[in-house]
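The structure under discussion is supplied below as structure tokens; questions concerning it will follow.
The chains carry the letters A, B and C, assigned in the order they are written, with residues numbered from 1 in each.
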Amino acid sequence: MSDPRMIWRKSLNYVMLSLTGVAAFGVVSILFLVLGYLFWNGGRSLSWNFFTQLPKPVGETGGGMANAIVGSLKLLMLAAVMGLPVGLLTGVYLAEFGGKTFSFVIRYTTDLLNGVPSIVIGIFAYSLVVLPVKHFSALAGGVALGMMVIPITVRSTEEFLRAVPGSLREGAMALGASKWKTIVTVVLPAASGGILTGMLLALARVAGETAPLLFTALGNRFWSPGFEQPTASLPVMIYTYAIAPYDDWHRQAWAAGLVLLGLVLVANLGARLLLNRGSAVRST
Amino acid sequence: MSSISPGSNATAARLAPQVRMNDPRSMTSEKEAPVRFQISDLNFFYGPKQAVFGLNLNIPANKVTALIGPSGCGKSTFLRTLNRMNEIIRNTRVEGSIALDGQDVHSMDVVSLRRRVGMVFQRPNPFPKSIYENVAYGLRINGYKGRLDDQVESSLHRAALWEEVKDYLHKSAFALSGGQQQRLCIARALAVNPEVLLLDEPCSALDPVTTAKIEELMFQLKDSCTMAIVTHNMQQAARASDFTAFMLDGKLIEHSETPKLFTTPKDPRTEAYITGRFG
Amino acid sequence: MSAAATTIAHEVPPQAGPRAFLRRLRSGDEIAHLITLTFAALILLITSMLLYELWVNSHLSRAKFGWMFFWTRVWDPNFDNFGAAPFIYGTLVTSAVALCLAVPLGLASAIFLSELAPRKVSDVISFLIDLLAAVPSVIYGLLGIFIVVPLMRTTIGPALIHTLGNVPYLGALFHGPNYGVGFLTAGIVLAIMVVPFIISVSREVLLTVPREQREAALAMGATRWESTWKVVVPWARTGIMGSVFLALARALGETMAVTMVIGNAPTIAASLLSPGDTIASIIASQFTEASGDLYLSSLIELGLVLFLITFILNGLARILIVATGRGGGRPA
């Protein structure tokens, strides 16, 4: 049967299906393009100086981003201290204690918080921490990032706690463990792998956030000891240098981009591999 | 260290001073044997649905009592009321009285109850910890101050598992086979020296060889422990228990010494069940 | 055979004072419940405070401009006259461009991954695409500035002007000075950023379509493509719509990459090649320079608007995705 309609249908079939393959591989090749460009441009500009030196005054070439690296670590630490416990305990509440309506409200609100654009979180942290004292600070940046860490942590904690089989809980309670003891000595340890991975992913996600830092931690061309000063961070440096007119700054932006992406991807890859391998319950 | 060493009469006396200690191996009649659990007029509800109807039963001390009956007759539900495990499920209600050595179990602290009345489940449920830590778990959470090592070893002996794991105590419990895991769960339950051990179809997931080992175990444990075992395997009930109770649709139909129930059952329904006409 | 019995009996805490013990133990559980509940309630507090702060700190501009704020096309800090229209326009245009590019690309990829590719290949590619979603926005901005913008300026822009620019009506979209930055560039970068979400959700939804549906179509003599396009995809229609809403919500809130390639000009222009601004990009670029309370208040009001838009969209997305049976990422 090779009537024209059949030929048309068959060609269409072939063409469309090929196009879907092209699309998929196209998207994947974007990933490799991204990585490729970063490695090429960033790798060329990466040097020991980058990690150890402070930025040079505007207009001068050279210098590094040591303060931004330290600043990012400081902000991550603040975010972890403020956001992870809230996320963890809320996840425990939802998985172990929650009543029907209140749990629904909490979950809904957590999803809501998760969907708030990061720049709006920045505005909130600004009005909360910067406005009252009239200066920018690492603390404000940490507050903003901490709020972003919470919803991710809640979701993964709850998920992994629920995955612990009920038979384990029953076994502990039959030996005389009270509910909270069961949670602390059996359930949490059993879910710990997944929960920790979730936390790592949450931190990796906020490590790359720029918008909420733009008017909380702001930026700094020098060291910023303590938590009360404006603080440099990798993402903000990338932004600042990229939009500036200096070639040397562009090169440094690529280098910083490579470092940032490297860290984020390594964390993500590591976390996902851990999750896939650790799907069987392991002993503590 | 000694080999399998069931607790002596002295231990039993310390734990339950009211109980008269007869020679545990003589088959005295039901009326004379001391009683560990007294259940009267027990009604149990899952929400609006009633699962146990007016149950009256005595569980004699240092004997094995088997609970048999078709699926859904309420034997597991009843077993779990004895250590108040049903309280974990929402919307359940208990009416009637369950007395352990004369004391109502609902008036005592549930944690101490569960230490005195241990449980082994249908599927082995060892914790994702080492073999040692599994056995030591009950001891740790109850604040045991003595030497853990000795207690862990003796519990593993009592569960007939020591020889197989003594060199691997710090390996994960999941490295053990199903039968070994179940014996580990028994050792874990025994570690806190319970007076009563409740077993909910403990061998249903195991092979015949392991089942025989566990039945042998139960015989050895009788000296120090009262046992109640739910089983759907009638041969097991006939082999391993001293008393048998037959349940149907949430009611206790018949309860007597095992040989009597299996050879001369009083109720026609009992006879129908044990001859395989249903269930 | 009766060796010395283990002396655990008196080591374990005695039953003395059962009522006191009971109270302490029960309160242990109560305390745990209370602590976790308090932290859970913190989230409610944070979210309410967020709304509150946005509302309160924008009251100056709300009071002064009222509803006209949404229609005013002027954004003039020098004369304290602020209007949201250019940014709403910019946000809508860039998102529309992004979706026009990302939806066909994403849906096609999802179809490939769910229908055609062998499972292993599909899983590997999905994994790689998920990694794309983890790339920070500022990095996309970096690539946007140094790769897409020059490309637009030298190659794509001129090409579009010379070809589509001459088509009646459509040509209005592609004329005027071409600097490389602008709505189209931002839309392209946004498309790359949201395509992984469309692919990931659509692929999962397509995988849940029962095999019998495909088989019924094929058994009637349909080609592979016809069975996919006319039967499978319509079955998963709601979930796919949900993924589009999700992508849209992401695109609307996207800040850094857009700020870096959109040209930062608060204007409304028909041409896609013209520079502009979105709500997120104007806040990002001007917040720290906002001198004057009305200026700042206007920016914060823009933030409030953005919040509300994404809130509504996310809600719709979730309803659509759940309606297809996919849990939307929520734990069981």
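Here is the rule we go by: a contact is a pair of C-beta atoms (placed from the backbone, for glycine too) under 8 Å apart; a residue touches a chain by one contact, two chains touch by 3 or more.
Source: prediction; values computed, not measured.
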| request: Taking CA centroids for every chain, report which one is farthest away from subunit A. | output: B
| task | Grab the C-alpha centre of each chain and report whichever is closest to the global C-alpha centre. | result | A
| task | Write out the two chains that share the greatest number of C-beta pairs in contact. | result | A-C
| said: On a C-alpha centroid basis, what's the spacing between subunit A and subunit B, in Å? | reply: 50
| Centroid distance [mean C-alpha coordinates] between subunit C and subunit B, Å | 56
| query | So how far apart, in whole Å, are subunit A and subunit C when each is placed at the average of its C-alpha atoms? | reply | 15
| Of all the residues in subunit C, which ones touch at least 2 other chains? | 25
| For subunit B, residues that touch 2 or more chains besides their own | 111-112, 115, 142, 192
| At which residue positions does subunit A touch at least two other chains? | 178, 181
| Which residues of subunit B touch subunit A in their complex? | 83, 85, 88, 111-115, 118-119, 121, 123, 125-130, 133, 137-138, 140-142, 171-174, 185, 188-189, 192
| Okay, in this complex, where on subunit A does subunit C touch? | 9-10, 12-13, 16-17, 19-24, 26-28, 30-31, 34, 37-38, 41, 85-86, 89-90, 92-94, 96-98, 102, 105-107, 109-113, 115-121, 123-124, 126-128, 131, 147, 150, 154-155, 158-159, 162, 178-181, 183, 204-205, 207-211, 214-215, 218, 235, 238-239, 242-243, 250, 253-254, 257, 260-261, 264-265, 268-269, 272
| Footprint of subunit B on subunit A - complex, ascending | 165, 167-178, 181, 185-186, 189-190, 281-284
| Can you list the subunit C residues touching subunit A in their complex? | 25, 28-29, 31-33, 35-37, 39-44, 46-47, 49-50, 53-54, 57, 104-106, 108-109, 111-113, 115-117, 125, 127-132, 134-143, 145-147, 192, 195-196, 199, 223-226, 229, 249, 252-256, 259-260, 280, 283-284, 287-288, 299-300, 303, 306-307, 310-311, 314, 318, 329-332
